[in-house]
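You will see chain A twice below: alongside chain B first, and alongside chain C after that.
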Partner chain A sequence: MIRYTLQRLALAVPTLLGIVILVFLLLHLAPGSPVTALGAESGRRVSARAAEEMRRLYGLDRPLPERFATWLVRVGRLDLGESFVDHRPVATRILEALPYTLLLNGLALLLTLGIAIPLGVAAGGHPEGSLDRVSGVVLFALYSLPSFWAALLLQTLFSVRLRWLPLYGVASDGTPSGWAGLSDRLEHLALPVVCLTYGSLAFFARLVRSGVAEARQHDFVLAARARGASPRRALWAHAFRNALLPLITLLGLMLPGLLSGSVIIERIFAWPGVGRLFFDSILARDYPVVLALSLLGAVATLVLTLTADLAYALADPRVRDGTEPR
Partner chain B sequence: MTATPESGARGIRRGARLPVTGSVALAVVILLWLAALVSPLFARRAAEIRLEERLAAPSATHPFGTDDLGRDLFARVMVATPISLGIGLAAAAVSLLVGFAVGASAGYFGGAADLLLSRVMEVVLCFPVLFLLLALAAFLPPSPAAVILAIGLTSWPGDARYARAEVLKVKDLDYTRAARAAGASTPRILVRHLLPNVLPPLLVSAAFGVAWAILAEAALSFLGVGLPASTASWGGILAVAPTYIEEAWWMALFPGIALFLTVSAYNLLAEGLRSAVVERGSR
Partner chain C sequence: MRLLATTLVAIALLAGCRGKERQGAFAAPRKSPAPAATRVGSSPADGGTLYRRLFGEPGSLNAVLQTDVPEQLVLQYLSRNLFDFDDRLALVPGLAERFETSPDGLSFTVHLRPEAVWEDGVPVTPSDAVFTIRKIADPGTSSPLYKSFFEDLVSVEEAGPHAFRARFRRVDAYRAMAFALPLLPARRFQGVAFDRAPDNRAPLSNGPYRLTSWKAQESITLERNLRYWGPRGYFDRIVFRVVPENAVAYRALVQGDLDESWIDAPLKQRAAEDPAFSQCCRVVEFYDLDYNYIALNARLPFFADPRARRAVTMLLDREGIARHLFQGSARVISGPWAPESPAYDSSVEPLPFDPKGAAALLEDLGWRDTNGDGIRDRDGREFDFELLVSAGNTIGRQIDETFAAALARVGVRARVRPLEWASFVERVDSGAFEAASLASSASDPNPDPYPYWDSSQWPPRGLNSGFYRNPEADRLMEQARGERQEDRRIAIYHRLHRIFRDDAPAVFVVNATKKYGLRRRLQGVETSPLGLFGIWPGPLGWWALEAPAGVRP
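Right, the complex of A and B next:
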């Protein structure tokens, strides 16, 4: 196990380095600079001298390797620099936005797992049964449904036509306190959470279903039934448990998908999370914020994937001993 | 699933059949391409601005209604069809090309090359794809070529992983060894001998890739960093819809239906191809 852990960690180091280099190159080789973006935003032409001064101020006149080294050292010290737009520390801006995104994505992930697992197990337990057929069609449709279109339709129906739910935002103006305030916030959460959930729900439920459908054909499930286990027990404790392991490794890879979804959904619903911060920063060419958010997103994914792989190895001796699973 | 020389590209024609849903999806895809072919007929109507007819509800003259400039929405949705389909196909092709080159090399050469190329795939997979896509699309000048490149260059790791796994399966089979023993060069072995045999599973990945690319283009155009606003696109029409959400539901509904139909058809086709490939492999 120690050997496997070290191997896996050693492989993560070049990946981490690759992430850092890719983020840096992507932004610094890109045409357009914060100086031109600022000029376009204020509607005024920035004089050549002022532009030169700004480039010097931001260190944009230094050679690329030097800028990379400076940036790397600062990131190593967990100093993410300050935003070009409002000159506040990048870390502050991200920490302000993060709770909103964690709330949105946390709820979406809970809903995803809470619905996908029972549904996938029930459908996979009786392949070609009526539940499997119906849920198969519905999940497939949800899987192909563009989230921004779904958001528009839900807004049209629930906010414009029925007037049940707010169109966008986090809370109404002059939010009341106590229970009224809580229900106001929940009403604002409803549509964005639904839009963020259904895609990963469709993805995950289909995987659970096929995993369980495959696992239940194994002899050990039949053996469990022969020993007197109830059908429900054979399904959950035997078939699902065996199908669960490969799914754990996928959880780490669901994070980038959720963050991607966040960018679109947060923009549509004017939700002040990191997705919207990222999008606004791209448009403003606010390099430090874009760099920091890309880096955080990728590193979080790397860490989660690594943790999932190690958890898998802990549970499956074939992996940690280096023999291929299956 | 063992691959034999007979089960190469020819096998998909000889034995395997698409399931019914896959055939239906194929028919829908063909219909969409036919619609794309006749769409130039609607070009004039799609561009005709009639402010006195702006935001008109669906009627006999305007089956999908009109947009904020009084342009016929049906004509605009039609005109956008070849753009979406074309960009989807081209971006998936870029992705497949890069993915096969990287994945097949990793699988074929193994060792240090595999270790390095697999890390490259892992690096790209670690990023939220929309982060990379937005960065690329926003920093390139808005044009169809930029959108195709941005989508292709961010989605290849999926194809690469497929290609790597498939090449690993066939690289030590007798026909590959025979080609090597006969003195065939490495590029020749990769393209002449391995490519035809890993192509069926790669086509499955590519069909999913087309669906994703169409969706990604629409998302980029919706966010305002995809195609230039002058180009009609489903995402571009949808981008204007929120402004008129109170008075013109049709602007949100119809372009979205076209998008949903197209993405579903390609996804369903991909699933059909996958079960055909699995069926072929299991016999």
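Right, the complex of A and C next:
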């Protein structure tokens, strides 16, 4: 097992390096630079001399391999560098945005699972039943709604017309403390969470549904019923439990996505999260921030894949022996 | 040395504006195509909160390091300039009360107001000014907004307890505009890295408001600076909200979450049909100094000859564009200025829309379709070029499509290609483009065409990206820069205007109106050719009507 772990770890290092080199090259070889990205809002252009000085200040006049080596050495010392835009440490900027994105995406994921699992199990319990058919159509329709359009529509309805919910932002100006403050924050979360949830519902619900529908035909579900288990218990404790495995695998792969945020939703709801930071940083060619966020995503994905590999190996001796491929 | 005293009237003249018309800070707005801002209500009321919009978050509130509009909008409340432009584009005193120019026109002595203090009560000193200007000129500082003003600075030093003197290498008629400049408190930057100083996030104010909170990507809140030495603003509090999306900002305006927001032509149309908008808000529309043009690269065989550039200009129906794309809220221009600029000579008629004449010109130049593929060619090269546009520039895109369609009708092919901003600027500024749709945006009223059209400013040295050259124009531009007498300088610009029209270094398209949606409660809003915000008092002169009971303001 130790040997297997070391093997996987040894593979993870070159993978990470490969990703980092690729992102670095893509970013630096793409047209445009932090200097030409200036004036995006006003349309004003920077004088040639000011541009030249800025290039030198940002180290953009150095050869690419040198820039990469410098960056790599800094990252090795766990220093992500400074943002070109506001000259603050990149880590500070990311840590400012991360809680907002984790909160928004975490709640959206919980809500998705909270709806998708019961719905999927119920639909899978009676394949081709009325609930299965209706939910299939409704979920597919939701899945097809573009989120920017739905978001603007929901804003018009709930914020402008009905005035039930705030239009955008994290909290009201001068947020009260205690319960009132909490409810104010939840009101601000409502629309963006709904927008992030409705699209992924279909995905999860149909996955659970097909897993359950398949599992309920197995002998062990029938055996459970024969032993006197209620239909509900047979469905949840036996069929659903077996359909859970692919769901967990999928969740594991989706977790890094929690960190990255959604550009469109965060822009529309003026949510100060990672998605907006990433998007703005790409437009501004804020290389240190873009590189750090890419690195973060790559590390999270690698760690979770590694964990999944090790978990499989722990569960299945054939995997760690290499005697039988999974 | 005997200094030539310059009065404020002279400052106004130097600003190159119709200074005579100046009627004080609250002069009536200029002529506008739609009813512009007027003062309603009896007298300005004190108090309340003003909710303003930011498209994006400021990078830094260090006045020297600022790069774009968000910083400027916030800093206007925190950081007074030495001098400001008023709504007539005349320079008016700010932190400084006056300046003098040396007889050779190279030295400027600026006198600070003795009463000006920072928010901690410490006076604003000449050493602050010297520190700020030296920082801007320092090659180790990135100051994209101010760098070009001090590129030929020779020295800057204190000149008494309340004055400093800056000396420059050459005479520039518009030099005084360099002093529309905010200052930094020198003492706060001792012993810290300039671009990482804590003050960059929490600046010390010398203006009417002070920063109380900055929530990253969310909002910036200002409150009155009780130590402010000038006339106070009307609002108790200013809240800037970061709202990146226009459509959302429009909703926020209607809902009362914002007091103002920039709107484009489609949103203006929507506002006109939206009863919820007209109930709570109004549109303010006015002409400013910005204009649209299509840059042509004179290094290409297509655009090397002025006659060819004239021909393509004559192919674009600019009146039609003003009427249809801009719904009438735009004027056709004939040179590289907006009609609001004194440099613009309104007697210089734009080239006519004349496809037949244009086709004849192209024929004369040898551009004929010899191989029968529908595209004109000459010496084996097709008249086929790439027309770049910045991806976010919707109106530029529409102008380009109109242009391409018009060219296609006479056998010239233009391929419209949208590029994301940073890539677009890289191509244009380096001169590596064939044609490109651009919007000229003015941060001050300086009409000097030299940086954009003089042949010494070809890439990579300057911003004459289309490699335009005309020895006569070069001579006139150089002469105008050194001409300190305004009427003579304007006369030179008017001659240049005629040359630019005939040479057509670019297709000058239109000067369109700026449009803002404002809550009806907002009063005291003045428009200017520099917009609503780039002037003094600008937003500092705004105030709010009290809402009747039960009505959300």
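Assume the second predicted complex is superposed on the first by the 272 of 326 C-alpha atoms of A that agree within 3 Å, B and C clash if a C-alpha of one lies under 4 Å from a C-alpha of the other, contacts with A are read in each partner's own complex, and residues count from 1 in each chain.
Here is the rule we use: a contact is a pair of C-beta atoms (placed from the backbone, for glycine too) under 8 Å apart; a residue touches a chain by one contact, two chains touch by 3 or more.
Predicted model only: the values in this text are computed from it and were never measured.
Legend: residue contacts after superposition of the two complexes on their common chain; A:Arg267 is shown touching both chain B and chain C.
In the superposition on chain A, A:Gln155 makes contact with both chain B and chain C.
Once chain A of one complex is fitted onto chain A of the other, the partner contacts of A:Leu283 extend to both chain B and chain C. By the touch criterion stated above, A:Arg49 is placed in contact with chain C alone, chain B being left untouched. In the superposition on chain A, A:Gly169 contacts chain C only, with no contact to chain B. In the superposition on chain A, A:His87 contacts chain C only, with no contact to chain B. Shared-chain residue A:Ser183: touches no atom of chain B or chain C. By the touch criterion defined above, A:Glu96 reaches chain C but does not reach chain B.
Taken together, the two structures place residues 30-32, 152, 155-156, 160, 167, 267-268, 283 of chain A in contact with chain B in one case and with chain C in the other. Considering their complex, residues 11, 14-15, 18-19, 22, 26-27, 30-32, 140-141, 143-146, 148-149, 152-153, 155-156, 160, 167, 253, 255-257, 259-261, 263-264, 267-268, 278-279, 282-283, 290, 293-294, 297-299, 301-302, 305 of chain A touch chain B. The part of chain B that touches chain A in the complex is made up of residues 119-120, 122-132, 134-136, 138-141, 211, 215, 218-219, 222-223, 225, 238, 241-242, 245-246, 249, 252-253, 256, 259-260, 263-264, 267-268, 271. In the complex of the two chains, the chain C residues touching chain A come out as 49, 51, 55-57, 59-60, 65, 67-70, 139-144, 147-148, 151, 195-196, 200-201, 215-219, 221, 239, 241-245, 247-248, 251-252, 254-255, 257, 276, 290, 392, 419-427, 429, 438-441, 443, 451, 459-463.
Residues of chain A touching chain C in their complex: 30-33, 36-51, 53-54, 56-57, 82, 85-88, 93, 96-97, 152, 155-156, 159-160, 163, 167-170, 173, 267-270, 272-273, 276-277, 280, 283-285.
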